[in-house]
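After this come two complexes, each holding chain A, first together with chain B and then together with chain C.
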Partner chain A sequence: MRIELEKRPQASVFYAVLSPFIALVLTVIAGGIMFWLLGKDPVSALYSFFVEPLLDVWSLHEIAIKAAPLILIGVGLSICYRSNNWNIGAEGQFIMGAIAGSIVPVVFHEWHSPLVLPLMLIFGMIGGALYAAIPAFLKANLNTNEILSSLMLVYVAQFFLDWIVRGPWRSPEGYNFPVTRNFAPEAILPEILDSGRTNLGFVFAIVAAVLIWFMMRYTLKGFEITVLGQSERAGRFAGFSSRRMIWFSMLLSGALAGLAGISEVSGNINKLQPIISPGYGFTAIIVAFLGRLNPLGIIAAGLFLALTYVGGEAVQLTLTVSDKVTRVFQGLLLFFVLSCDTLILYKIRLVFPGRTAAVAQDGLQGGAE
Partner chain B sequence: MGIIEAILLTVVTAATPLVLAAIGELVTERAGVLNLGVEGMMIMGAVLAFVATQATGSPYVGILAGIGGGALFSLLFGFLTLTLVANQVATGLALTILGLGISGQIGEAYVGMSGTKLPPIAIPGLSEIPYLGPLLFKQDLIFYISIALVIGVNWFLFKTRAGLKIRAIGDNHGSAHALGIGVIRTRYLAVLFGGACAGLAGAQLSLVYTPQWVENMSAGRGWIALALVVFASWRPWRVLAGGYLFGAVSISQLHAQALGLGIPSQFLSALPYVATVVVLVLISHNRRMTLINTPASLGKPFVPDR
Partner chain C sequence: MKKLLLALATSAAVLGFAASASAQDKTKICFIYVGSKTDGGWTQAHDIGRQALQAEFGDKIETPFLESVPEGPDAERAIERMARSGCALVFTTSFGFMDATIKVAEKFPDVKFEHATGFKSAPNVATYNSRFYEGRYIQGQIAAKMSQKGVAGYIASFPIPEVVMGINAFVHGAQSVNPDFKVKVIWANTWFDPGKEADAAKALIDQGVDILTQHTDTTAPMQVAAERGIKAFGQASDMIKAGPETQLTAIVDTWGAYYIKRTKELLDGTWKSEQVWDGLKDGILTMAPYTNMPDDVKKMAEDTEAKIRSGELHPFTGPIKKQDGSEWLKDGEKPEDGVLLGMNFYIAGVDDKLPQ
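Take a look at the complex of A and B:
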């Protein structure tokens, strides 16, 4: 048996909408097989992974808290990927944003003012954007591959955070634990609902997604991003500069990742510690693709991947499987998303050696179309 | 054995996995396929090598398991990017994310277990040479394979017909296809070779470098290997040189930590990653040279017309 692809005359709108859902179904099936291999009842495992968190107010809030950074980073990355700038170092920009934003509540902890929180958020965005400016500068001016440079900088950021919470910023009241002092109440993002912990970060995520959706759909900038991403040459003829686009997309996604970082630290953790992210910067890559690089799709995708985090924690408790299943799920999901996207541009045909004649005829008809 | 020799010995151990993973990726990229999943294939090789060694007691079975695991895992990448023409960058990332997840899952029961170290094999006669002998001729099997692979790949790519075909496909898959070369089939083989090498590199980590299983133990080495291929301008001998350069940087960083120079250990630990970026910048700032060296079809999808 052989698989052959036939290019569609134009991209299929039907499959563009359907492919993420096919991928979800395939992931759930593969997940069931995985639970079965681990010796668990697949139906009840999948139920407690994907359904139970949705039935409980506390876990719904957890999903919103985890979705916020995923959506913020994901929409930023979608701009990068649409314009062919492969920023995969959002995790590092997230960390640097969190550190930069924490300057106010940690270093100037005696300063109390309603300006603290807005300043933190601005510093967070600047921190993330500056950190993304490194691979942007290296790509735009020195022709350095941004995939590798942005990823290498993730490790550097992780070591930097580790140093700063163990060294200069270690809390004097922290009993020698590697944490900074707890943020003062005015440095903490307020909760938005009476029923639980969801904080303002979730609002930032939705607002950012809607704004970027608007930019992509209704502004010249959005058009520029799409054109340069699909064909740099065509973009040049239209007078767009791919070098400026490197800066624009990297700084924007860095700022959003930085905002996600400071929001997470301010709204959820309330201090800096050596580990502040369960890999949000990498999971957001999956979010961006599952959302088909569309900001509104990314909101849905971010909520779904947040569910995999919360569901992973749930099965860890109820079924005593490890939290690694979450990462396996996320990896599988990206695989299925990418495979299903083939359906948008191509017809997939299975070719059996015994039926060559029929296939040849098929091919002719395909050619006549 | 003097202190210098001991240090050089650790450099060899640190360089071997980088050389292995990079030489495999070099062949893959020469065929025009950009597989960013080296880190994922490496970590799968590491965990499977460790598990197989624990199960059988033989690190040689572990080596085979590592190679097989890396190759099988690369097949997944091949299916998506070659058969389904999925985006190579995104699929490579998926491979890395999935590899880190699955390896963590498989290795969970093995965390903290002490492993079996692959024994060194002394080559009679040569290993007696002062200084050089213990360094180069009293090493483990994986080291010898790494050197043989560099020599072999160099010969294969530039002196054989099959190697010429691979380079032709990497430079212009359309013309290669028109000449009747099986582009997809050859690329599958190149991807498999890259996966096998990355798996072997992983096996070296869990059987030689630190004979135990630690989650995420590849620690970015797969990515450094990718940078090495760029650094080497897709030439095998330069992969060897670059691998040892990076090995030396990561080892000197460890020794500097041990000496306690007053520099925070985190800064020294970050050094290999910073060095990777610096080297990448130095090697690629000349736009024209980069363009000449890079396989022209690298990362571009190919659908055969009928």
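Take a look at the complex of A and C:
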């Protein structure tokens, strides 16, 4: 017996909308089973994982902080993925944005002005965009696979950051440890509410998501992105250039990742150090797909993923389970989202031996022709 | 569809049940780890310290911990979570937690914090560290006695003062026995990576060293040394099992002594913010048994250890020259602790260029 996937003639719209929720439920159930196998009470584990963090103002703030970079990067990636440009290197663009934005508070640390913060943010976006320009250039001109080039540039960015904080930017006041000097108060993103430490970065994330949602929905550019993503040939007939789209989508997502990077460094870390991201650039890929590449969906997905981080910590503390639980949950979630999506487009068909032989025979003949 | 609704309903029910109440009469002493508690090195040494603390006080305390907390914005949340959950004393056990510890401590003036290996403190933030360099000086002396070729290999992690200080102490100890002794250094740029550490060990042995020491956390270098038939020193934990015929001694981090002392002070109400840098004499650092060496070398090592314990010998006592030939310490001069904690230069005899 063999299992085959057969394309459905018509994908169900109803299930397409529902699929992320089904995936969520399956994740929760699988997670509960996992806790049970670990010998923990699944009810209280799931409670402290998914519910407890929502009951406390403090942890709501923490979720918002964690979600901000995921949403910012995720909406940028959604443009890439919708237009069929597979930017996997947002982590690198995040880091380069953080470095470029930090030029102002680190190199010109004696310059105090209200312009510092806006300049940092602009530099951050430019830094991220320029870094994304490398795979964009390679793809547009040399037809290089952007998945590989953007991914490999992540490691380059990580080592560049490592070098710059150990070398030229190392703080003279830091006992020679690999950190830059602390940012001056005017270089730090202000907090937006008195009740916790959520900063402007979260506002940027929401604004970016809404603007991009508007663009996708109501502008010609949005239509162009969708058409080129679904059929490059059809797009060409409509007068759209897929080369220009490579540049547009990569630069936009690079700029948003860069903005996320500098917001994170400015608002939360207040200096550069060898590691500034727990993998936001990669987690944002899950966020983009969980949000069905829809900017508003991505807001929800970003908040949910942030909840898994905060909840994972809570459950680690209350039940003394391993910190790997968070990763397992994120992995389960991505797995179920992708499999639900697959089952919307395809149906499973069981092929029995008798028929298999015939199919194989067909295949052979096909090959011989 | 029916099944789906059932699934939804079930999980909603699962989420709905709230059951979390625990007795709060025990004092909570909490720990934040940068790595996994079974990493075999740095974090494991802290966790063994935590277990010793728990065993000492038994039912009177609880010792919850968070492991693999990244150094960055997540650290601040993790520490704040500890403070909010009713911890009386929080140990943050990695250098990178420094700023986050200070920030959270400002918000929770009633909670006490202790930060390992940092240099920033506050009325409710103490710092603690161990004078690992004392052990490395003894290792250097043993290396100089045991080496035929007069060259040791040093697998280093990151070029931070702590590590540079260790290399210098090792070299200085070795040169107190053999003034021409040399040390070759390989920077692994990791604390914990068996593959890289083993490669570094092989490369050093191929370059002709016949003694190996490490400032990284796995037993891989010890195993390579055992395979290639040379001697080596263990790090952070006693690694004798990885090289029964190979390990000469090891620097063993015994944080438990410190954790017990500070918890006692907390319970007595005598806890104060201090900047503690303890060494061999305080029991925060111990040497694994001196093995696989002749009796005279063992005796020398024990004598040196005793002298350091009694304060008669400071491992960094002048005259010491920097690598570039300029004078660092005059005859009989001893360095300030601040200078050691910010050390970013090699002393003469290190066959390496310090990464800048």
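Methods note: the second predicted complex is superposed on the first by the 330 of 369 C-alpha atoms of A that agree within 3 Å, B and C clash if a C-alpha of one lies under 4 Å from a C-alpha of the other, contacts with A are read in each partner's own complex, and residues count from 1 in each chain.
As a convention for this text, contacts are C-beta pairs under 8 Å (C-beta built on N, C-alpha and C of every residue); 3 or more make two chains touch, one makes a residue touch a chain.
Please read these numbers as outputs of a predicted model, since none were measured by experiment.
K.L.:
Is A:Val156 touching anything from chain B or chain C once the two structures are fitted on A? First, second, both or neither.
P.N.:
In the superposition, A:Val156 contacts chain B only.
K.L.:
One more residue to check, A:Val116. First (chain B), second (chain C), both or neither?
P.N.:
neither
K.L.:
Once the structures are superposed on A, label A:Gly167 by its partner contacts, choosing first (chain B), second (chain C), both or neither.
P.N.:
In the superposed model, A:Gly167 contacts both chain B and chain C.
K.L.:
Between chain B (first) and chain C (second), which does A:Thr144 come into contact with in this model arrangement: first, second, both, or neither?
P.N.:
first
K.L.:
Counting only touches as set out at the top, which of chain B and chain C does A:Ile269 meet: first, second, both, neither?
P.N.:
Once the two structures are laid over each other on A, A:Ile269 reaches chain C alone.
K.L.:
Can A:Ala100 be said to touch chain B (first), chain C (second), both, or neither?
P.N.:
neither
K.L.:
Is A:Pro278 touching anything from chain B or chain C once the two structures are fitted on A? First, second, both or neither.
P.N.:
second
K.L.:
Could you tell me if A:Met216 is touching chain B, chain C, both of them or neither one (first, second, both, neither)?
P.N.:
neither
K.L.:
Where does A:Val227 make contact in the superposed view: on chain B (first), on chain C (second), on both, or on neither?
P.N.:
Touch partners of A:Val227: none, neither chain B nor chain C.
K.L.:
Residues of chain A that sit at the chain B interface in one complex and at the chain C interface in the other, please.
P.N.:
Common to the two interfaces on chain A: residues 162, 166-167, 322, 324.
K.L.:
Please name which positions on chain A make contact with chain C in the complex.
P.N.:
Answer in residue numbers: 18, 22, 25-26, 28-29, 32, 41-44, 46-48, 50-52, 58, 62, 65, 162, 166-167, 175-178, 182, 264, 268-271, 273, 275-278, 309-310, 313-314, 316-318, 320, 322-324.
K.L.:
In the complex formed with chain A, which residues of chain C make contact?
P.N.:
The contact residues of chain C facing chain A are 4, 7-8, 10-11, 14-15, 17-20, 36, 64, 66-74, 76-78, 80-82, 84-85, 95-96, 99, 119, 158-161, 164, 189, 341-344, 355-356.
K.L.:
Which of the residues in chain B come into contact with chain A in the complex?
P.N.:
So the residues of chain B in touch with chain A come to 36, 76, 80, 83-87, 89-91, 93-94, 97-102, 104-105, 108, 219-220, 223, 226-227, 230, 264, 266-267, 269-270, 273-274, 276-277, 280-281, 284-287, 290, 303, 306.
K.L.:
Please output the residues of chain A touching chain B within their complex, sorted ascending.
P.N.:
Residues 3-5, 7, 86, 88, 138, 142-145, 147-149, 151-153, 155-156, 159-160, 162-163, 166-167, 282, 285-286, 289, 322, 324-332, 334-335, 338-339, 341-342, 346, 348, 363 of chain A touch chain B in their complex.
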